[in-house]
Structures are given as structure tokens and as C-alpha cells.
């Protein structure tokens, strides 16, 4: 069995951002030398998510509006967590996006459908944060 | 280490449908020859989900009503993605259902609780779509 | 390849509760003897969830309020599933929380960010229920 681990670091200048990280995950799989296996892509921070969906700018703005509607940032005082903090909504938004994904590795590459793209969703940016990649297989 | 891969294909005649695919996943696990491992069940399309819940018709209708309430199909013009498309809601609904599952394999079978059933949730049907099964173990 | 399996049993006295189970999952990883691999943490019941987020009491109450708002328990008659049952909302709430997690194992320990804590979320308590831990690796 082989295994590999890598951290991807991000620092976005906005509170919220959606970054297509498929190339970085694909590069990691290539470096790992794993031909068949599973790859976990997991944010190591609890105010961010990793999800798989379409890389289409209209949809990304739809996601952002929708998350704001179901778990609004304002008023920050509506959340008990916001006692010296203002990021409670980010903790909720990441749960709505299901926050982590497991990807198949087949023949040395990510085994994705034609429109599946891997995103890092930042909900409380403006500082350095990271995503854990961990793959096992052979 | 062993590994196995299979695609399940579906074409439903409605826009939305909920199909219990537990028997197909169980059959795949049997074919794989894997006694202990993990099995990813992942839709290869970004307007569908795989989830685990109860196979009870009342609940399935409750899910459908609830998803429609939190991510409504109409009016289609409310979504920026719906520029020549009408399926933005399907992209959101799949996130609400957390869209993929990983299942344990123990003693050559799916290691499920008594009521855990695996579903394919179609949110933009009327065309051929597929689910990826990938298992690793020994 | 190594593999390990364990069930964690819970019985909470309230309908809903949020239990930090990180120490039990860490103990399981230690017992497994796996240095590098993946660990599935999955509720075997479909009215509960396992999720990763912050162990902060204000946030936990925010989660509970928010889940009640998006998938309310009352009136129980609003759900078709509640025909002799009253737990339809628990089936929905678990989907919102994405219901299962896969964790990386590195150097014999859970590979978690500084604030990542693993929770068992009970949405229909007052009876014995269990979580499946399944790890593979080497």
C-alpha cells in the first residue's frame, strides 16, 4: 500500500471566495505514484469547505447568494458564537456545502465526471488557511 | 491491496427521482472480492446526489418538498446559472444532500445499520447519468 | 494492509444532543495500529450525524437553533413520514450536517487541524444508538 500527504495553503483577500483547486489535487495524485486508490480532500479549518460542483461563474454567485440566505452573516449578533467573533455563519455555511470530499484515483488520475471540479470554499478569509490531501492506494 | 471500479447508469423519466441502489452497491462489493475496506459511491454528475437514509415513501416525499423549499426550481430566472439552463436548483439540492457517501466493507458485505439504505437522488433527470463505485481493501 | 472496526454506543436522555467524540476516535486509531490511512466515522442510524466543527458551546447552540429553523420538529404533522413517528425532522437535520466524515490518519494519529473536533449529533435520542468506526491503512 502507498500513501501520500500534502497541505495546500491559501490566503484570500475577501471574506468569501471559491477557488477551483482541481489542478493542485491532480498534481498531488501524480506525485503520489498511486494508480488506484482514494484521496481525501479536507479543509483543516472549520470555517471553510471543499466541495465538488461546476466551474461556472453564474453558479458560483448563486451558491454565494443561497448560502447567505440560509446562513446569513448579518446581523452578527444573531449568533451566540459571535462573542468577540463574527464568523458563526462561516461554520454553518461549510456544513451546508458538506465540507469535505473523497475522490477516486484510477489509472493514476482523479476519476471525475466531465463537469466535476473540486473547489475550496473560503467563508472567513483574509488569513492563511490550509487543505489536507491524503491518498492511499497502490 | 485490492481495488475495484464500476459505473452504474441511470435514466429517469422525471426531473427528480430517488432510487434505492443498495442492491447494486452490494453486488459490486461481492464482485470486488474485497473482505474489508472502504467503498466510495459518488455521482459523476453535479446535479445528482448519493445519500444514505430510510427507504420510506413518506420520507422521500418529505425530502423532495423540503429540498424544493430550501432550493426552489421556480422561478428559474432567480439563478444566474440559468442562462440557457434551468437546472441551477439541482446543483444546490445536491449540496444539501451532501452528494456522496463512503461505506465500510466488513466480511465481504456493506457494513450498514438496520435502516441505512443507499439512494441515488436525481435532480435533473431525463438523460443518462452515472454513479461511480470505487472500492479499496483486501 | 491493516483494517480495524469498532462501534461506539450512545444513549442520550434528550431528543437532541451534540457529543465531542474525538477522544474515542483517537483511541480507536491508536488501537488499530494503523500509521497511515483513512478512517470512516459513520452513524449507523439515519436520524443522527457525525460532523467536524468547533467545540464551542455558543456555536453548538447556534447549530441547534439553525437546524430547527431549516428543518423544524414542530408541527410534526407537516411531514408525511410522521405517521406513527415524530422524527422526520431528524432525518432532514442529519442531511444538513452531512452525516458522516472521513478522517486522515498520519503517523498513528488523527490528522486534524487545530480546531477540528469530531461530533456525534443526536437528533432523535432517548434510545441506544451507535457509530461505526472503520479504518484501513498500514
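Note that the chains take the letters A, B and C in the order they are written out, and that residue 1 is the start of every chain.
One rule holds in what follows: contacts are C-beta pairs under 8 Å (C-beta built on N, C-alpha and C of every residue); 3 or more make two chains touch, one makes a residue touch a chain.
Since the structure is predicted, the reported quantities are computational estimates derived from the model, not experimental observations.
Q: I'd like the angle of the rotation relating chain A and chain C after CA superposition, in degrees, nearest 5.
A: Rotation angle between the two copies comes out at 120 degrees.
Q: Between chain A and chain B, two touching copies, which fits better, same or different residues at the interface, with half of the numbers shared as the threshold?
A: different
Q: What whole-Å value do you get for the distance between chain A and chain B if each is reduced to the mean of its CA atoms?
A: Each chain reduced to its C-alpha mean, chain A and chain B end up 20 Å apart.
Q: Where does chain A touch two or more other chains at once, residue-wise?
A: 1, 38, 70, 96, 98, 102, 136
Q: Which residues of chain A touch chain B in their complex?
A: Residues of chain A touching chain B: 1, 36-38, 51-54, 56-59, 61-63, 66, 70, 96-98, 101-104, 106, 111-116, 136-138.
Q: Under the definition above, what is the set of chain B residues touching chain A in their complex?
A: 1, 3, 5, 38, 40, 42-46, 70-71, 79-83, 88, 91-92, 94-96, 98-100, 102, 130, 132, 134, 136
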